[in-house]
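The following blocks contain the structures, represented as structure tokens.
Next, two complexes with chain A in common: one pairs it with chain B, the other with chain C.
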Partner chain A sequence: MNFNIPALTPEFYLTTLPVLSLCVGALIAMLQGVSRRLGGENAVFAVVVLSLAVSLAAAVIYSPAVETSYLNGSYLAGVLARFGQTLILVIALTVVLLFRSTFLHDRFLRGEITALYLMIVTGMLVTVASEDLVTLFVGLELSSIGLYALVGYLNPSRRSQEGAIKYFVLGSFAAALLLFGFALLYVATGSLRLSEISQAAPKLLDHNWVRLGVVFSLVGLSFKLALAPFHLWAPDTYEAAPTGLTALMATTVKAMILVLVARFFAGSLASVYHVWLPALMFAATVSMILGNIMALVQTSLKRMLAYSSIAHSGYMAIAICAIGGGSSSFPIAAVLYYLVGYTIISLGAFGVLMWLENQENDNLILDDITGLAKKHPWAALAMAVFMFSFAGMPPTVGFIGKFFVFNAAITNQLYGLVIIGVIGSSISLFYYLRVIVRMYMVEPVKVAVPLAPVRSLVVTGILAVAVLANLALGTLFPEATMKWMVNTSKEVAASPVKTSATGNISH
Partner chain B sequence: MVSINHYLVLATFMFLCGTLGVLFRRNLLLVLMSIELMLNSVNLVFVSGSRLLGNLDGQVMVFFIITVAACEAGVGLAMVIALFRRYGTVDTNFLRILRG
Partner chain C sequence: MSQELLFYSFAGLIALCSVMVVTSRNPVISAIFLVGDLFLLAGLYASMEAHFIAAIQILVYAGAIVVLFMFVIMLLNLDPDQRSQVQIAAPEVGVLALTVIAFAVVGGMLVFGQPTGVSGEMTAEAINSAGGNTFTVGMVLYTKYLWPFELASMLIMLAIIASIVIAKKDRPKSATEGDKRRLAHG
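After this line comes the complex of A and B, so read on.
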């Protein structure tokens, strides 16, 4: 077996610029961590924002027309990868800005923390652009290991330590399960490349090791996506982590894993869909029921949003089920649309919480926000909009997202899942609307630590953009956005990968 | 004659031992060791698959898995030390603030 050593063309550097820029930023941040002179808060902020902005600009501007793979098929540049990278970078940038304007700014803006943060984002960018199980695994673990460390280290307390340990143990366990699945798929198909696995898979339909491999991979990814019954870490970790990180975990990790699931299950393993479909349908059903019911009894807002995020994973899994073995790109587009909507809503809701929090009280409960509309009418209004969209009320993006997902499921005759999804949504109305009722219709109650948020132009701006984007996607442009998503997901459904001149494998 | 199935069965057995260790052990160090055992059983599958197929991809994957496992152990042991400093033990039964 001989490899052609790839010649690194300018085109290659342009495609990988998003990743490279973050790597350079992380290295500089690491130096800032050990130098008092270079590591001032503003300098650290400048480096992290600059590297994220360069990366985002590169991801938006340069996009190859045809899906092309580089480095012996390890790095994939195409529309879907670009979409995932752009979404992740926008979230990461927003979270940095939110951190900067809240009480944790001096803890967050230190070299060693931002270095970890940039590496987490790097790992996610690599994962969504991977066409090879090696790169996929390395990117996934780069992001996960950084997150384990940050959850426990960003704002150390008994609670965050416990959350970090639970996240670490279950996350590594999930990684081991995923790897075992990959290993069995490798033995059965003889390749680590997704495109070659998809060619070899149909011949091995009844191979028991293949079945086991597919199921193990699905379980591993369900852990990371927090699908029930593999969700046990999610509420604890989401509650324990500083709220900015919770926002990052709830959105970017979902984005990364869903792009991966779309490419891996709907693309490569589409021919063995009868193996993974029942398992995923089961996970979706349990997530929607359990997530919504458990969210009813929570008093901590972060914990409630954690259970609600489990339920939303379930809704997104419905659309993945709808892909089945078919080659229609509509279900994938529905997932991506839902993902964009969920990202906007989550960032907004967690942004409001971040703004209200302070050092003494960084885990708000329902009593804390009771009567919020009197003291902070605009924050309460924004929160109300986000709760309405989470619940899926028109005219918000949450409604359109659910509409597309259920539509995709009905087209593919998954009536049972749709019924459960609708029941789940109606249960969820209760706890989302309870937040609104508490904010608007109940007199403030006495709490131990009163909230004293400082007015911040950045937070106001982010929340305003989130509210407007939410309403605009829900009313003015659902169709245009959906068309864009369908174009984005076409390459998964078709999926002939062109191998570039900069790297092909000859056996 | 030792076939690929023998290796796979051995690896599955090791993997099951590791899984049971993660699920039932209460000592965080033993949990970490169980995770390592699971990762090593994966390595065994990759190496035997690579040998069977005459294809080096599996060996490459093993190098990456070993490296990532080392990183994971680094973060994990740091957490064990933090836990020990706070509670004087590495028993996971002490982790019971977050519930519900």
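After this line comes the complex of A and C, so read on.
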């Protein structure tokens, strides 16, 4: 047998710098957790922000034009991988900044917690930049296991621990199904690399073992994406987790899984789309209907946003369904665009909630924000913009995102899904607009714990950027951004990975 | 044929032991069934000619890790009264669901037939000619799977920190307004 000794060139270290920087940061943070002198809040904050910033800079600056694979496909450097890494790092950085301005700052900024946080982000970066099923699984677990612990124990209470246990048990079950799917794919094709699996495609992909493998993988990924009928953990966990982590889960996990799904279903398994298309269409339909209807009856805002995130997963799944129809570049670009928009809106909406919350009440209901416009007009305005955007009203990014997604679906003759999507969006108008009506047109009601948010320059800045980005993407730059996304998606849409250019010396 | 027979008997016993692990009331008995589980898994590896992995499985999992489990159970020292309160919500449902899935998969295999797939490069002959199981596992870990291997060490570190964070006694928190709401409509 021929073993290739990996040549760890400077280029390899340069391209993996985003991951390595976070690993080093996590190790330092871990030491800070046991040190009295170095474990102060500011020192911990400096380390976590610095390692995320170095990582982000490395991901943005060193971006090769041609997708190159290192170590037998374990690590990919290309446009799509860099897109995923950049998006995840920006979200992670924003969440740290938001956490620092909330009542949870002293609980979050402790060495052991930030070490977990950095390792979670490491796992996500690994996952979006890999085509090797083993690495993908390790990356997914790295991000999930850390989240299980943080959800329950960042701010421990019975409520958050219940959410964490639900997430853990169901998450492990889904991980097992995903692993089983990977194993079946391996059995059928004899390879663990997505590019080789797709090369084995023409002969084998009609085989029933491949079908079973694809379906199991789809179930595992749908769980992480909170697509109905695998969504049951989402409302409880989103509500139970500290809001900052809810924001992280709702955005980064979706980003990670969608990049993975694009690689998986558009790149490698596009030729068996007749297997996964009906399953995914069913999941998308159920998510859009169930998510939107259940969101109608929620009073807790976090729970409402959780159901709305299930519905949004459904919209994104529409575009993935459209991959099967032929040209797959535009649907992937549409889903990436939607993802960027959804990220901005979610971070903004959760950011407003985080700012309003306090130690005694970290689960706001509609009554809490009734009449918000009188007391905090700017926060109310920002929230109103985000709600309009979630509902898909012009001139926001939410509208353009839905437009592209539905457009991709219509081009590929998925009329039924589009009709359900439009019905779902009109249902969603009710509960999104209800928030705005409550904030602007109803007199404040007396609540158990009055909100007393503290002014913070950082939060104001983040919210302002989110509002402006939201409007800018919705009016000025949709075309330019879409071009960029099409460019990003070419990698998976065209042919799979180029042959390894560097990284191996054959003996 | 004999290999298939071995596989199905090992697999059946593993499933049985796993069910016993989650349904036993006494945690010590659960742990002992877990040992059985891990031994049988090692047998499964051995029947696939992965002797090194089988030995490691017994040394590390059945030997070291379950002993640690036993220590934890001993140190927790649950008295019998508390133990009888440990209730698994509906073991029957779980067992039923697993049985259905297992039958679906096995039945599917019987109906669809054996995979016609290509075998991977790690066949028994290839491993023997390369210098045996131990050598091959070592080589593969440090060449082909170097990246996931290093990440797995990160994963273990993460699990350790996570368990410390979970085990740390924090000040007990009384139910806040948010908790009450969750209970009210959850």
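Heads up, the rule we're going with is that the second predicted complex is superposed on the first by the 493 of 507 C-alpha atoms of A that agree within 3 Å, B and C clash if a C-alpha of one lies under 4 Å from a C-alpha of the other, contacts with A are read in each partner's own complex, and residues count from 1 in each chain.
We take it that a residue touches a chain if its C-beta (ideal position, glycine included) is under 8 Å from a C-beta of that chain, and two chains touch if they have at least 3 such contacts.
These numbers were taken from a predicted model, which means no experiment stands behind them.
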Superposition on chain A - do chain B and chain C clash or fit: clash
Tell me which partner A:Val187 touches in the superposition: chain B (first), chain C (second), both or neither. both
Just to be sure I read the superposition right, which of the two partners does A:Leu179 touch: chain B = first, chain C = second, or both, or neither? first
Classify the contacts of A:Ala448 with the two partner chains as first (chain B alone), second (chain C alone), both, or neither. second
Does the superposition put A:Gly152 against chain B (first), chain C (second), both, or neither? both
Contacts for A:Val138 in the overlay, against chain B (first) and chain C (second): which applies, first, second, both or neither? both
By residue count, is chain A touched more by chain B or by chain C? C
A:Glu239 in the overlay: touching chain B, chain C, both, or neither? Say first, second, both or neither. both
Examine A:Ala200 and indicate which partner it touches, taking first as chain B and second as chain C; both and neither are also allowed. second
For A:Cys23 in the superposed arrangement: first (chain B), second (chain C), both or neither? second
Applying the touch criterion given at the start, work out whether A:Trp209 contacts chain B, chain C, both or neither, answering first, second, both or neither. both
Of all the chain A residues, which ones make contact with chain B and with chain C? 1, 134, 138, 141, 145, 148-149, 152, 156, 158-159, 186-187, 190-191, 209, 236, 239-240
If you look only at chain A, which of its residues touch chain C in the complex? 1, 3-6, 23, 26, 30, 33, 70-72, 74-75, 112-113, 115-116, 119, 122-123, 126, 130, 132, 134-135, 138-139, 141-142, 145-146, 148-150, 152-153, 156-159, 186-191, 200, 204, 207-209, 212, 236, 239-240, 299-300, 359-363, 365, 448-449
In the complex of these two chains, what residues of chain B are touching chain A? 4, 8, 11, 15, 18-19, 22, 28, 31, 35, 38-39, 41-42, 45-46, 48-49, 52-53, 55-58, 60-61, 64-65, 68, 71-72, 75-76, 78-79, 82-83, 86, 92, 95, 97-98, 100
What residues of chain A sit close enough to touch chain B in their complex? 1, 133-134, 137-138, 141, 145, 148-149, 152, 156, 158-159, 161-166, 168-169, 172-173, 175-177, 179-180, 182-184, 186-187, 190-192, 209, 235-236, 239-240, 294, 297-298, 303, 507
In the complex formed with chain A, which residues of chain C make contact? 105, 108, 112-113, 115-121, 126-127, 129-130, 136, 139-140, 143-148, 151-152, 154-155, 157-159, 161-166, 168, 170, 173, 175-179, 181-183, 185-186
